[in-house]
Every structure is written in structure tokens, then in C-alpha cells.
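In the two assemblies presented below, subunit A is common to both, partnered first by subunit B and then by subunit C.
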Partner chain A sequence: MTQTATTRRPGKTTTPQLRKRRSLLRYWREYLAISPFFILFAAFGLFPLLFAVYLSMVSWDGLGDIEWVGPDQFVRLFSSGEFTHALGNTVIIFLTAQVPVILASLGAAALLSSPKLRARGLYQTMFFLPQVTSIVAVAIVFQSLFSNEYGIINAILEGVGLSSVPWMTTEWGVRLVVSIMIFWRSFGYFVVIFLAGISSIPPTLYEAARLDGAGSWRILRSITIPMILPTVAFVAVTGTISGFQIFTEPQVLTNGLGGPNDSVVTMMFLQVRYMGATLQTVPTDLGFATAIGWGIFVVLILLAVLNARVIAKRRKELS
Partner chain B sequence: MRLPRMLAAGAAIATVGALAGCGGDDQASDGQVELTLWARSNSVPDDVQQLLDEQFPDYEITFQDIPDIEDKLRAALRSKSGLPDVVVMGGSLPSFFSVSDQFLDLADEAAASDAVDWTLDLGLTPDGKQLTLPTDIGPWGFFYRADALEALGYPTEPEAVAAEIDSWEAYRELAEATAATGQYVCDHAGQVYQARLAQQGYAYFEQQDGEAVNAVDSPISHDAFVESAALAQDGLCTNTEPYTPEWNAAMTQEDIVAFVGPAWEDGLLQSAGEQQSGAWRVTTVPGGPAATGGSYVAALAASDHPDEARELAAFIGGAEFQKAGYLDKGLFPASTGVHADPEVATPQDFYGGQDTLGVLAQTAAEAPLVYQGPNSGTVAAQFFVALNDLASSDEDPAEVYESLLAATAEL
Partner chain C sequence: MKSRPRMWVQHLVLVPAAALFAFPFYWLVVMSTSRTSDIFGSPPRLIPGSQLVANIGRLFDSVDFHQAFLNSVFVSVVATAVTVTIAALSGFVFAMFRFPARDWLFAILLVTMTLPTGVMLVPMFQIYVDLGWINTYLPLIVPGAASAFGIFWMRQAAREAVSYEVIEAARVDGAGFLRVFWHVGVPALRPAIAGFTVFQFMWNWNEYLWPLLVLNDSALYTLPVALQQLNGTHGTSDYPVVMAATLLATIPLIVLFLFFRRMVMSSVTSGAVKG
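Moving on, here comes the complex of A and B:
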């Protein structure tokens, strides 16, 4: 910009500031042309973000007077135990749902990409179907499956002589049901992404490996996974972020109650509670809800950085 | 140079257009009165648009079905924009009292209303402003199957049942007798608990000089909580919440043969208990009449046509509208005129020819006013969740009650 500005030799009397202002004015058309993005970003991105900074320093029920509390909401975030409990729940559900589903879908994608497989499209559609099903409908079906007294699963268990499992009324039971639901729902999505990654690997590599006498496991480890590392990185980052934002499944499955002892109240679930959910077990406080939002934000940033580091290290090892 | 300039101008127009799209303040151009009504479609009659068009041919009324109406209304009140003229809402009214200046005073309409007195008082702010008129209300009933009670040697006619099971002790005896046969007269301990509080006119807070004073620590909540939890822990309830698949399953498998619930569960019962049509009856809840609020209509101060908005609100809070709501959806009317209407108070086949409106209308008339504080809903939800958890744990309800007292002391 400074280079082009010199083309219109400014008079000796003009100050550098004035020169800069003139050059800005000179490019008004260009600025105007790119302005839609910036105006929309300011209205829908920047302003809410700045407002969130302000909101996290107040206490507000959303209707009445706003009370300035300074850093109190953040003190409460760490001292009240609610957020740490929710973080713990989120980590448990993440580890029991998101991690296994990524590993399983990688394996499934490797199998599905076998050149001998017939009706590949059919499998892909079948696996992907849960992803496009309404999550609320899925939750209601899972309620019917895992209900303690009237569930199909318990009926089957009792039918074969086993004792029924109190799925919905024990902390680990309800967490497991949430995990199974997430697994079932996101499996197909990850399979499709991994399949896309695998299809970009040149078949010559596989042919060469087979000529060298490599088995399936060896091919998966030494060719498929290293070649789709960017896809793995993508899945790991987006999977982690979405895994830490779990909300709908536990909310709908427990009718908004959060399971016994709030065992499936994830971070997002907790935030929605303070935003004034329909079943209000806590007084609405948009300030605290925003502080929770910042807490989630920091956790996600830390995880993304950790992910990037691990992937970069693995990449270095391979090259 | 011309093309870039045109592009720039085009971009500018597009931007302005996009931003203007966020505002959306459409004005009536032809001078006709335009009114917007927000309501949940399941809290108004089926053909609400037609009903309003016929009643107000001179106004252009737009009905918008808003499922999460309280959240939307709060957001609109917060930003003071995008508000409707009239709204039909449910939930906790006192949470709106702090912004009563954003509502129109419906005092004149309330004076002309034939609604049950306490239902009007629910919408009265501490400084005497009539914020809402009731549209439908929730008198509680003891729904039971005559054949099940008969098998246990109990009377079957509603009045005789009410006389026999007149207290929560008598109810527990019945619960024990039915549980012994593998059936239940309690669907969820939370329902019994809510009925017990409502019939004492209690909702955790007391009004003192216009202020809500915390009264969570009370023998009313203590006894109701501990005894309701005992019902669940002793295996006398199916532990199924109404409006869940489990409740429906318990009903179709004929596990639930009686329950206490608000009048609007009539619709739920008639669909889930379809095969048991004719066997069901309704009578007064053990321990005395209990009722809770249902939906309310309010008019917004931001309306361009306040007089017309009040007129519309009065119609929605009036007998004709409520009669249609009752006939279409079983929404129990607040209007005493509808209670006495011979077209509505008719024998119901599902209830073995019983006139259910009669018994529930009597409950509505005799039930005490339940004073609600702004935090009543929050405390109630905490107690409900605790009861739900207690059903499947062996914790001592009295201890859980103490911890709830500590948790809600600051509210």
C-alpha cells in the first residue's frame, strides 16, 4: 500500500498522517467492494464476541437489571464445582464415545475400501443414514430401547435369563447410553470422510506393497494411515471439538433432567441450564452462562493445540 | 472504471439490504389494523386463524406458532424489538413481573372476565397491574380405572372414591394394595408431590409487603417430599414421567391403573389408554382440591394498536375461545361460563359416561391460589429432579431434603 501511494507524489507540506488518509480515501471503491464481509463479520462475529466479554463480568437474569460483578463469574466457574463436574462428564463421554467411534470408523473405512467389495454405495448409505436422522427422534428411540422397566434391551436380557440393567437410573448406565447413541450416530460420518481420504491414495502403492508381500494389517499401518494423515488430523480436530460440545443427546435422553446426580450434564448442557432452559433447575444467569462459554472456548483451544502438536510430531516421525 | 463502480455500488446495496433484513419492522401501509399473535399451537384451538378472522373481520391478525414461546418472548423483551401484539404463554409468570412496564394493563378486561378468581390473581403483579388473563388452567384430578378399584374391593363411583380415598394416608394404603397385585396407582412421585404442594397453596415462597420471601423450609414441603419419595422407594410407583415413551408403555401394558395429574393430561390419557376406554374415571385428588395455572394471554405495550391488542387478548381470555380450545384439545377452560355450558359439560364415553368437566370445574373453583415467587419454578425443578433421582437410590429422603434446603436457601 505504501508503494502504490507514492505514485501520486504528495506535496511537501502534507504530513504522513494526511498522506495515509488520502491513500485510504483513494481506494474507497476497493474497500467498499470488500466491505460486506467486514460489516457482516462485525455485526455477527466481532460484536457478539466483545459483548460476551462484557456479559461474563455481569450477573443478569435476561430481563431485569444488569449487575456488574467483575471477575466473580470466573471465580465461581472454578470454585462452584459445577463446571469441573461438567468438564469431567464431558471427558468421560468423549473418551467412551468419540475416541472409539473414530478408531472403529477408520477400520470400517479400510474394510469398505477393499477393491473386492460389492455394493459399496449401499453400505455407505446405511452407515450414513443415522447422521441425517433427527437427533430428537433418535433420542426418543433410545429412551424406548434402554428404559429400565419398559425397554426392549432389558426385555431381551430378561428373556435370555439375565438380570435387567438399570440403564437410565445409574450414573454409568446413562453415560453409556449417551455414548452408544453418539457412536451410532457419528459412525457413518467419519466412515465417509475416511473413505474419501483413502480413495485419494494411488492404487500403485497398494500394488507395490502386495508384490513385496505385505499383509492387510501391514498395509493399513504403513500405507493407508500415513497417506491419509491430513484426513486423520481433520477428523481428530473436528471430532474433538464436536465431542466436547455434546449437548442434545444427553439433554433429550434425560428429558432435560441431566441423569442421576447430573451424570450426563456436559459443559454445553450446563451452559444452556444457566441460559434459562425450560426445566429451570438453576436461576437464569446469562453472565455465568457466558463465563461457562469462555471456559468451553479455552478447553477447546487447548485441545486443538494439543491435537496439532501430536499430528505434527507423527508427521515428522513418518517423513 | 464503470464496471468496478457498478460492482461497488451493487455490493453496497447488497450490504445495506442484508443488514436491513435483520431489522424487519414492517409497517401497515393501507391503514388496516395489523396484529400479531404468538402462541403455541397446542395451547389454542385447532382453527385459531379462522376463529380470529371471523371474530375480527376488520383486523388483519397474523397467528404465529412459536414452540419455545417463553424463550422467544424473553429475547424479544430483552431487545425490545420484534415483539408481537398479543402472546399466549405458559410457564412462570412472576419471572415477567420485573418487566411489567412492557405489558399492557388488562385490569378492565379482568373485571369483565368470568374466569375463576384465583386464575386472574395469578397474573396480578405486586403493584396491582393485571399482566395476564387465564386461557386454560390445570385443576388436578385423581384419574382411576373403575374396574381396577372394584377388583380390590374399593368403591367405583367418583364421589364414593373421593370419600374413601380422602387423604394421602388412604392413597398410600391403596397404592400398597394395588402394588401387591403388580399394578400401580402412582406414575411418578413428582406428580403426587406437586399435587400435595398445590392443594396447600404452597410454592416455596410467601408474599410479604410485595416481596417474595423464601419459605422453602416448611413442614408442607418436608412432609410432601419425604412421603412422596417413600412411595417411589417402596416400589409403589412406575417411576414414569407423563409425556415420555415409558409412561405410554406403562399405560398400554396396564401397569398404571390410576394417577394424579392436571386436567390437561386427559389428552395424553385418551391416546395412551385408548384400549381402556370406558373404564377410566376422574375424581378429586386425595387431601383436597389442587390446581395449577396453565396458559395465559398478555398484550404488549410495544403494540402500535394497544386498544385492539387488549380487545384481542380479552377475546382469547374469554369464554368462546376457551370453549373451542376445550372441545378441540381438552384445554381446561378458566371461564366459569364454559364450566356451566350444557354443550360442553356432557357425559364422556372414555370416562364411562362421567361428566368430567363438572368434577374438575368444582376442583378449579375450590382450589386455593398458589402464590408463586420469581424463583418458585427453579426450586420446584430442583425438588423434582431430586425426587426423580431418589426413586432409584437408597439415600434417605430426609437427608436429601436438608441438602435441598441448603442449596435453595439463597434464592
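Moving on, here comes the complex of A and C:
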């Protein structure tokens, strides 16, 4: 009850303190209003996390007896080579899709932000439309576009005198198609976010820079990019998290099989495979699936820390 | 003026880019309006055909496509309504009210946004099994009902669009907690709510992993799962049918988006400008 006194301190945004309240219970409405998130997080976030500790120490096909195996699943995680292969696939797809799309959408947003540009809305709409479509639908269309024999892409390649590419039957071919799909689908989303970031920059900054005789490139480098760094940080963090949990694109594109030599079996794909939910290409083992989940967890936490460090460093350099 | 030629350069980059982005849609239309023989012929057909109605007819003959469509509408509408309501209320409260530990609680919420959900796949699935939620839509609605991202978004929007003076004025006039939210918060947050609703609807409509995991009964399938199954069964034999289904699954969201385009775009952009 006495704690409330410490929260009386006015923050940066001072609310007029009209009422003096002494008890936490007085704030029940506020706590009730924000409670759904915390309740649901406890039930479907925290609890599964603890449950996952137990599940990763067993071997279980989901139907028969649960067998306690201790740390064996983690030994298997490192020794079987499947997880490292999946991690490698994920990194390759991430680097060839997410990194180019963030850079390209930043460039596109800079182009689109010029105040005199006509048809800005039309461009934005056209770039954003892929984001609206279901990944499953996109994967089916891309399957057709990049089909080895009947695909229009190969027909075009042959038409201009190049040789056709066996997209769907080579490791790098399938990976590239997955990356192009991710690029195509997420580009518009990033453009909209970056445009929002750019338009939040006070126009007076630009006016001042122009008066000082700064060119477009100079303005982009010295005003636009530093000012939207928080937006870029947000996009980088969320983009990395989603990028490393890629599942639907490779799964649907390869009809659940994972491509030649499992070349697009990402970490999530591998986990779902061991859950026995898709085509039964491996014996179901929920324990191993959970261990894979922990592998994903550790990788993503490391990335989040790395992200935070890089962003903090960049921010320091710019300020 | 200097600016004229510069705009030309921008269009020179943007027009081909936009055409490239539109091509897969065009191709979807071509494929779903063609005969199988057109698709597997050489050279491939490049312009839309006249077989759309016939393809859709064969689609409805072979699978329960309209059931999947209705399922998707139901799940998406319910899940979106719940999520948006909770996000708007929680975000508004986080932004405009002061209460003990508020900033700590919000910090926790932000941290959970970076928490990878991948590790929870198996335990979540087991929880749904134990709760008897397999082959129901509850796993698609309840766990995601309070979106950290949505609350974060609404809080930002509230801080930018709502002034403390208006809230105090409403309180002085005797408005209670929910009245303040309803009469001050919701009108000011309307653009953000509209934007989030469309985003959330799209996300729910396209959700694939969990429906795939928890729905085994084909009568309950949502569109993405039904589509994937159809591609598996008809993908090699009757491609135009798969494409017609893909087109039908894609159109509603495109229409929805085009209809609310200005609202979505401007909510994202204007919300940020006001700050």
C-alpha cells in the first residue's frame, strides 16, 4: 500500500494529479483493462515455455508411452546434423530475402516520399497488394511461375536465348524461389512502415537542409536515415524474428516435402515435421520437436541481443 | 525547375517495379481462366482465357470450397473483433492513465514481443489437446486475443491523438472509465483502429500454421489449409481448378484492402506525423 507513494513522481508526460489515491485497489479498472494480455501471456506464453522444458527431455510419438530420455534430445539436436542443416537453410533464406527487402523498401520509401511525386498512392497500393494475399496462394502461384517445364519464367529465359533453370529440382533454385517469394510479399509492408517513419520527420528539417544547399543524397544520408533509425530498428527486430521463423513459404512451395536434399527445410519446418503434422517423412517425436523449438529460441534470443547491440552502436555513432 | 526531371527518374524506377509486382496477380488470372491444355502447352498462354466459370464449376463439384470460405470469414471476423477491442482498450489505458507499475508492465509487454513463439509449438499443441480444443476454432481466437503488437500500436496512437486535457474535461463532466474510453479514446483512435483491424483481419485470414496443426476435420478447414490440400490433390491433374480456388481466396482481401486503402495507408502514415 505504501508503494503507491513512489509512483507519484511526475514522468516525462505529466498527467495532472487531480486525485490522491492511496491503494492499488483503487486502480482496479486500469489493471482489469490491461489484464487480458498478461493472463493470456501467462497461460499461452509462460506456461508453455515451462512445459517445453519438460517436453524436451522426453521421447514421445504423441500416442504411446512417454519415455524419459533426459538430455538425449539435445545431444541429438547437435549430433544428427538435421538442425544445423535447417539453421543453415534458414540463414541462407533470411540473408537472400530479408536483407535485400529491407534495403530495397528503404530506397523505395525514400523515392516515394518526395512531396511532388504523382501517383504515390497507386505505387504504394501496388507494392502493398502482395502482403494482402495468403502465403499459401502466393506459393501456389510461384510454383507455377517457376515450374521447370511449364513455368513462364523459364519460357521467358528460353525466349531471350538463355537456358532454362531447373528451379524446383535444385537446392539453390528452390531457395531462390522462396527468397523471391518473401521479397515480393513483404516489400510493400516495409515500404508503408518506412514511409510512415519518413513522413514523421519534421518538414522544417528538410527545408533548412535545402536552404543550406544540401542535395538529395546528402539529405537522405544526413536527415532521412538517422531520423528513421528507430523505425529501421523496429523493422530489423521484428523482421529478423519473423524471418528466422519462416515456415509456410517453403512448406507449401515444396508440397510439404522440403525440396531437393531438404534444401528449404527451415528450423520451423523441421519442428513441424517432427510434430507429425505434415507429410510423414520422419517418425513423429514431440520431444525432439520441442528440442528443435529450444534451438530456435536460443538462436532468436542471440539475434535479438545482437540486434540491440548493433542498433545501440549505430545510434551512438550518429548522435 | 530542377524537380521536374528528378520525378522522371523516380517513375523510371517505380513503373517497372510496380509492373513486376503486379505480374504474379496477372499470371494468376491467366491461369485460372485457361484450360489445362493451354497451361501445359508450348508456347504458354499469355492472355486471360474464357474458362473461369467452367473452372470454378469444377472446383465446387470436387471440394467443399464455399464451406472453407465461410469458415475463414467466421474465424477472421471473430478473432479480429476480439483482438482489436482488447488492443484499443489496453493501449489507451497504457497511454493515458497513470497507475503503479505501469511502465514496468509495459516494458514486460514489449519484451514479450521479441520472445520467439517457435519453441512453444509442441507445448501449445498439447495444451489444446488437453483442453479439448483440437478441431475447434478456439486455438485460432483465444491465445492471440491480446496482441502485444496491437497494444503497442494503440498506445502510440493514443499518445499522439488524445490529449490529457480532453480526458480530464470528460472526467470533470462525470464520465466514468469506460465512457472516457468510448467517447474520447475510440473517436480519436479511429484511424489507428481501422488500420489495425484491416491488418489483423488479413493476418487471421491468411493464418496457416495453426489451422494446419489443430484442424483435422476437412469440414472445419479455413481457406489456406483447404487451398493447400486442393493443391496436393489436384495440383498435378487439374491446375486451373487450383488456380481458380487461389483466385477466389485472394479476391476478398484485395477488395477489402482496396476499399480501405486510404484508411489503412493514412492511418499508418498520419498517425506517425502527428507525434
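Keep in mind that, in the parts below, the second predicted complex is superposed on the first by the 277 of 319 C-alpha atoms of A that agree within 3 Å, B and C clash if a C-alpha of one lies under 4 Å from a C-alpha of the other, contacts with A are read in each partner's own complex, and residues count from 1 in each chain.
The rule we apply is simple: a contact is a pair of C-beta atoms (placed from the backbone, for glycine too) under 8 Å apart; a residue touches a chain by one contact, two chains touch by 3 or more.
Predicted, not measured: the structure shown is a model, and the values here were computed from it.
Novice: Touch test for A:36: subunit B only (first), subunit C only (second), both, or neither?
Specialist: both
Novice: Quick one: subunit B or subunit C, who's touching more of subunit A?
Specialist: Comparing touch counts on subunit A for subunit B and subunit C gives C.
Novice: By the touch definition at the top of the document, which applies to A:281: first (subunit B), second (subunit C), both, or neither?
Specialist: first
Novice: Once the structures are superposed on A, label A:83 by its partner contacts, choosing first (subunit B), second (subunit C), both or neither.
Specialist: Neither partner.
Novice: Quick one: classify A:146 as touching subunit B (first), subunit C (second), both or neither.
Specialist: So A:146 meets neither subunit B nor subunit C here.
Novice: Now for A:64: first (subunit B), second (subunit C), both, or neither, which partner does it touch?
Specialist: First partner only, subunit B.
Novice: Give one of first, second, both or neither to describe whether A:260 is in contact with subunit B, with subunit C, with both, or with none.
Specialist: Touch partner of A:260: subunit B, not subunit C.
Novice: Is A:170 contacted by the first partner subunit B, the second partner subunit C, both or neither?
Specialist: First partner only.
Novice: Could you say whether A:94 touches subunit B, subunit C, both of them, or neither, answering first, second, both or neither?
Specialist: The answer is neither, since A:94 touches no partner chain.
Novice: Check subunit A for residues that touch subunit B in one structure and subunit C in the other, and list them.
Specialist: Overlap of subunit B and subunit C footprints on subunit A: residues 29, 33, 36, 39-40, 43, 140, 143-144, 150, 255, 278.
Novice: Which stretch or stretches of subunit A touch subunit C in the complex?
Specialist: 3-4, 7, 11, 13, 15-16, 18, 24, 27, 29-31, 33-34, 36-41, 43-45, 47-49, 51-52, 55, 108, 111-112, 114, 116-118, 121-138, 140-145, 150, 152, 155, 184, 187-188, 192-193, 195-197, 199-200, 216, 237-238, 241, 244-245, 247-248, 252, 255-256, 267-268, 271-272, 275, 277-278, 286, 289-290, 293-294, 296-297, 300-301, 304
Novice: Looking at the complex, which residues from subunit B come into contact with subunit A?
Specialist: Touch list, subunit B to subunit A: 4-5, 7-8, 11-12, 14-15, 18-19, 22, 68, 70-71, 74, 77-78, 91-92, 95-96, 98-99, 238-241, 244-246, 249-250, 253, 255, 375, 377-378, 381-382, 384-385, 388-389, 391-393, 411.
Novice: Under the stated contact criterion, what part of subunit A meets subunit B in this complex?
Specialist: The contact residues of subunit A facing subunit B are 29, 32-33, 35-36, 39-40, 43, 61-64, 140, 143-144, 147-150, 166, 169-170, 255, 257-258, 260-261, 276, 278-283.
Novice: Note which residues of subunit C are touching subunit A in the complex, please.
Specialist: 3, 6-7, 10, 13-14, 17-18, 21-22, 24-25, 27-28, 31, 39-40, 42-44, 46, 86, 89-90, 92-94, 96-103, 105, 108-109, 112-127, 142-143, 145-146, 148, 151, 159, 164, 168, 171, 177, 181, 202, 205-206, 208-209, 212-213, 223-225, 227-228, 231-232, 235, 239, 242-243, 246, 249-250, 253-254, 256-258, 261-262, 265, 268-269, 271-273, 275
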